[in-house]
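Per-chain numbering from 1; labels A, B, C, D and E assigned in written order.
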Amino acid sequence: ELKVGSIVELSGPGAAAGTNFRDGVKMGFEEINAQGGILKEPVKVLEYDSQTDPQVSRAMVQKGIDDGIYAIMGTVFSSSTVVNMLVARQAGIPQFTGSEAPSIVAMKNPYIFRTAFGSQKGVPKLAKYMSETMGLKKVGVAWANTEFGKGGHKAFVDAMKAANIEIVVDVPSEQAQADFSADVLKLKGSTAEAFFIYYTEEESARFLREARKQGLNKPLLGETTLIGHKVIELAGDAANGAMGHVGLTPDADIPAVKEMVERFKTKFKYTPDHNAIKGYTAAWTLKYVTEMVGKPDSKAIAEKLHGLKLTAKEHPGVLMDVSWDDTGEMSRESFVVKVENGKQVVQAVLPPN
Amino acid sequence: MNAAAQEVILSVHNMSKRFGGIRAVHQVSFDVHKGEILGLIGPNGSGKSTLFNCILGQSKPTEGHCQINGKSTDGVRPADLSLMGVGRTFQQLSVFPNMTVLDNIIVAGQEHEGSMLSRLFGKSDAGLTEKAEQLIEFFRLTPYRDTPAGSLSYGQQKLVDAAMAFMAGPGIVLLDEPAGGVNLTMLGHLKDRLITYNREHGTTFVVIEHNMEFVMSLCTRVIVLAQGEIIAEGTPDEIRANQLVIDAYLGG
Amino acid sequence: MAEFIQIIVSGLAAGSIYALAAVGFTLLWQASQTINFAQGEFVMLPAFFVLVGMTVFGLPLWPSVALALALSLLILGVAFKRLIVEPMLPHGTLPLVIATISLGLLMKESVKEFYGATAQPFPAIFPQTVYEIAGASVSMQDIGNLVVSMLAIGSLQLFLNRTRTGRCMQASAQNPAVAEILGVNVKRMVLYTFLINAGLATVASVLISPIYLAKFSNGETLGLVAFIAAIVGGFNQIRGALVGGLLIGVIDNLSAVYISAQYRSAMPLLLLIAIILLRPQGLLGTSEGRTV
Amino acid sequence: MIRLKPFLLMLGIAALVAAPIGQGNYIVYTLASWLIFSITAMGLNLTLGYAGQVSLAQAAFMGIGAYITALMTLNGIHWGLAVIVSIAASFAVGLLLGYPALRVQHHFLAFVTLAFNTLLFLVLRNEEEITGGSFGLVGMPRPSFFGITTDSNIAFYYFTLVCFIVSAGAMWWILRSPWGRAFRALRENPIRAESLGLKVRRQTLLAFAIGSAFGGLAGALQAPLVQFIEPSSFALIHSLKILLMVVVGGSGFFFGPMLGAAVVILLPELLRFTEGYYLIIYSTLVIVLMVFSPTGLIGAGKKLAERFRPKHEARRDLKQGVQL
Amino acid sequence: MLEVKNLNGGYGRITILNGTSFSIPKASITTVIGPNGAGKSTVFKAIFGLLNINSGSIHLEGEDVTRKRPADMIARGVTYVPQGRNVVPQLSVLHNLELGGITAKDQARVKMRMEQVMDQFPMLRQRKDQKAIELSGGQQKQLEIARALLLDPKLILIDEPSIGLSPNLVQEVFQTLTRLRDQGVTILMVEQNAKAALAMSDYGLVLELGQTRMFDKSDKLLNDPRVGQLFLGGHIEDAA
């Protein structure tokens, strides 16, 4: 029997994202076990709750390691991941994180692997689109003042500098902020031609509603978290017109993803978000790599992953072609989509970079 | 009165206290001499307790001030007044309800010796404990030595209150209705104790009381307050005979 | 100018919600000298009752709201008072504070476990019309919030001070022993307090959820802000909560725009400290009178 | 009975020494963090249980200690010096904060500390140049003394244990001195206490500052234990958690905070088998405990012991006999 | 009117009353005396339903009212003025007074009675809009006594009314009580000011260690030398 630790935020502010990730992992391993497990061994997933508290997450990783897990799934919140990845590194256990902050792969940690690309990678793709396709000169940015938001903000500022676009207004907001009237007001009062909005889903929805109310009618661009399924559900009409760059999305026009989403819906009775797909693909990735190595050897697995490319054709569990570089950063195809009539419409497909 | 008794320990000048439209104390001035037992009487609401509170820094007088041993007490906080040798009791029961009777009495004395630091590092308060135990014995509270003071009867708490007043060093002690609710037998003891204490330690007492027998047999001098103003002053006999006082206070 | 008006209007609209939650703090403080740390969750929960009514029982909006009100009165009012507050009231504030902290956690986790961790859209009570007033966008929702909370708080204030029942409630809170020997049914008076609180929480919940979206964690920040509003306004005055709430709402918006967005959430706190130092009884509070 | 106490104490210490032997890293880590939280809860117990002031910033004081220690040790300064600065700083901040708050009496310390905790969080998060912002500070070295390192988890545990015993001793000393009595007096009736010469404000302030200093010490230990700190570990919610420890254990009892810390840290462990429901069960248990024993676990223990005493007792003065 | 038999009860596990018994007729004044801590107030609390009663019984006009709650006692026409201060601090004097009649069906009558008691204690009318907490100790006591008279009670339990009251007011209160007695009201009172109290009473009850030591016509007690020595301050004069 192989033990894998699922260490995610099941309570606290990260519970929504964490629960998705956890369920993705769960479904992934259940399918794997149904198909004979990894190396013919059943996989046992040990679940730990980080409570969205970095210190707890650190303790939980320690505990998982004491319990004999050979790989870690999680955590999702960057603020936790930057801490607990140190423990996993000390113990030499590979870790599949759902976090997107740039700092995570910048630390030369050979045991950390992303399940979605970092914002330092995703944002420049979008920046390129903004400057080349949209021809923008002046933009504004509104972002969540958290680890996650800061990563995106920094990546955006750097990318704008590189693309020679001026940032004329820059508005940070609090975690779980509810009242966005001041934020929208500030953006509205600026001379920017478009805005980059980097919040988590719920804040995005609140923001979009307030933007609609105050009549902010310039292009709004963001990441999955601005135009994802959940945001559209929450923001309703107000989401129409928003554009975003999407790595993983349950709305992607890819049959494998669509089927996975359907299975997930029947199993858990709710629509998964990108975090669930992250967890799901992480589970399958572990299976493929362990079997490539031939034994559940944590160290060898980590080594194998660097520079590895898995195609959806040969390895259907990863859903889309994916590759990792030697920092643990990953690449995938991605899309620019726009919300029209409450539906995502793909505007462009961006190649992996 | 001998010469020593003429030395002024507390002097109140022109003290007034208003609460909105209510004139609780109005231009009251008097001196308290060292070693005397002064009675302060007057109808309900005549400003006696308010006067105490103003003297003791518990509330700020609207005008006027007072001096202790010649030193002004303007802005001096109650704790510092206590350390200057001015003790008091309250009209309302005010013990520390969840502390034992013994601790209640010890705590009343502990701040008067040594510095704050010495109380942290210094030797234990054996002397205080002994004194406290004697007081407990005296007030017949021995069975209640280790009982939380809050679960005593009204009169018993009043006695604990009184015992606490005896823990401070010599100086002046202001008692607000010490006799209320105390059984007559104990009241007799209390009076004896006050007189002995006054003789032996030279402690000065100012006593507010509505129990006339108690006041008149205890005090050497009595001041009468009505509607915030002093209306009479004199020996118990003079006061008893004063028609103004009879009308305003004693009744027929 | 338009910008400024917008700030004020949005601030007032947000503030009226804080006020509704804050008045609960004030009320419970007056009734039981306790700080209900679960107050934020009290406002979070009824929205889910509404959603349950709509999605599980398939009821239309208003019947669901009525259902939510009934459930809130039962759970946040009667059960809270009977099971938690009543046995602890004689033991001082602190255990009750701890119990309410735990209760908040319990409510949050239960909603998450049984309804889901993600935010849910919530139907608006007021039409989605937006008016342009002097260049500022004012929605029906904004106006509705303001009017509803003023009415609710105003009538509560009148009820407490002008009716005999209201005064019995005050007596039960300030000196339950005396109230009892005078024949006041203290338990019932305390129950009224909790019922009113539950009712107000439901109103607040229905008003904010279209904006905040229904989410298990909504109580966290809301609770804190409402608490600050209650202190700023004055803990012993019902209408203090209104003033405190509106003020915090406006200041929050002003500071977000004119001072520093990063330190935006610091402003109410600084206001709180300033009030405590300069006017500890709160803006509208009155001092409690003689102490000796 | 009196002889029993030192014996029990020795037994307790022996148990603490033996506890981590043969345990996995996680258990040792958890034990060490229990000791650290016991220290901070002990400090809060002084403020709360003895001096009767509610402080909602104990986590902030831990934060002050942790950040100071982290910044100093990351710059090569020895922990020994860093801890002194940490304790002194949290003591000083305690004084600064408490002075105005206690001037206005009532429960205002609670509100001021609540605000302070949140403000500190904002500063730690926003002043990135110094504090690393929400990324925090990583990789604080664990101290070594005379060539003995505390790098291993077990060595660090023993190091923490020494600090714990020293601070518990100091606390015991304070509480059994006249200060202890003074604290209780001014909690129960500050006006009366003041009239007896107790400097209410000064004494309460000291209790609060000393309690805060314990928080600072705990923070100074936490930084090298976790080897990572970031603002949200010191947010308001953690102050509430420490408050929970004190009250659940039994505020105003010497061993209350230690028991409370154990429960708050270990109970989630024990309830893990219930999966997602453990927070629900945990919070329900706390509510039930508070309802049945508002004086916490120690109080509950006493209540239980009471059960075995006779149902009726004679009045205390019955022995004295009648006078009539 | 009121019959207390073998009452046994106390606070928590401590038994304070050890078989207290007495019975008082209608339209009489009975003064309870005894040393501090004897259990006088405890007896009152027991009658009014504020105490754990282990055994024994209390009958009011023949009806068993043992362990009835305060509200039930009020409904039966009993009011109680406890020892110490008992006002609702932040309510006005008028509203405090009003609370005394809160249980009455006939609120018009309460209004009228309020006017009457304010005539009797003019201070109350002067201060009617002031918060009760702002009154002086004796003024609060007046408020409490006035409040207990609002409902036209059949039985008044009054615990040391003289504490804090100035001598002329004590006289006045005693006169009021006498007048009420003459109108048929039964009064049970604790007083340390025993001489004066017994002088106006019909019966005296001496309580010690929670037991009835003596119960007799008050003039008998007044003349009893033992009582005189211990409770009437007999020796105060000698000691002074």
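Criterion: a contact is a pair of C-beta atoms (placed from the backbone, for glycine too) under 8 Å apart; a residue touches a chain by one contact, two chains touch by 3 or more.
Fair warning: this is a prediction, and the values are worked out from it, not measured in the lab.
Participant: Hey, how far apart are chain A and chain E in touch steps, shortest way?
Facilitator: 2
Participant: Along the graph of touching chains, what's the shortest path length in steps from chain A to chain C?
Facilitator: 1
Participant: Farthest chain from chain C, going by the mean of C-alpha atoms per chain?
Facilitator: So the chain farthest away from chain C turns out to be B.
Participant: Counting C-beta pairs in contact, which chain pair has more, A-D or B-E?
Facilitator: By number of C-beta pairs in contact, B-E is the larger.
Participant: Measure off the straight-line distance from the CA centroid of chain B to the CA centroid of chain E, and report it in whole Å.
Facilitator: A distance of 28 Å separates the two centres.
Participant: Express in whole angstrom the distance between the two chain centres, defined as the mean CA positions of chain B and chain D.
Facilitator: 41
Participant: Between chain D and chain E, tell me the centre distance in angstrom, where each centre is the average of that chain's C-alpha atoms.
Facilitator: Taking the mean C-alpha position of each chain, the two centres sit 49 Å apart.
Participant: Which whole number of Å gives the spacing of the CA centres of chain C and chain E?
Facilitator: Going by mean C-alpha positions, chain C sits 44 Å from chain E.
Participant: Which residues does chain B have that touch at least 2 chains other than itself?
Facilitator: Within chain B, the residues that touch at least two other chains are 49, 58, 90-92, 94.
Participant: Indicate the residues of chain A shared as contacts by at least two other chains.
Facilitator: Where chain A meets two or more other chains at a single residue, that happens at 11, 145.
Participant: Can you list every residue of chain D that touches 2 or more other chains, as numbers and ranges?
Facilitator: 126, 191, 276, 279, 316-317
Participant: Going by the contact rule at the top, pick out the chain E residues touching chain B in the complex.
Facilitator: Listed in rising order, the residues are 11, 34-38, 40-42, 83-85, 123, 130, 134-139, 141-142, 160, 162-172, 192-194, 230-233, 235-236, 239-240.
Participant: Residues of chain C touching chain A in their complex?
Facilitator: Per the stated touch rule, the residues are 3, 6-7, 10-11, 14, 109, 112, 116-121, 130, 137, 139, 208, 211-213, 215-218, 220-222, 249, 252-253, 256-257, 261-262, 264-265.
Participant: Can you tell me which positions in chain C touch chain E when the two form their complex?
Facilitator: 164, 167-168, 170-171, 174-175, 177-185, 236, 288-290
Participant: Flag every residue of chain A that touches chain C in the complex, lowest number first.
Facilitator: Where chain A meets chain C, its residues are 11, 13, 15-16, 18-19, 145, 171-174, 176-179, 181-183, 185-186, 189, 201-202, 205-206, 209, 213-215, 230, 233-234, 236, 270, 273.
Participant: Would you mind writing out the residues of chain B in touch with chain E in their complex?
Facilitator: These residues of chain B touch chain E: 19, 22, 42-46, 48-50, 91-93, 151-156, 158-159, 177, 180-188, 191-192, 210-213, 217, 249-252.
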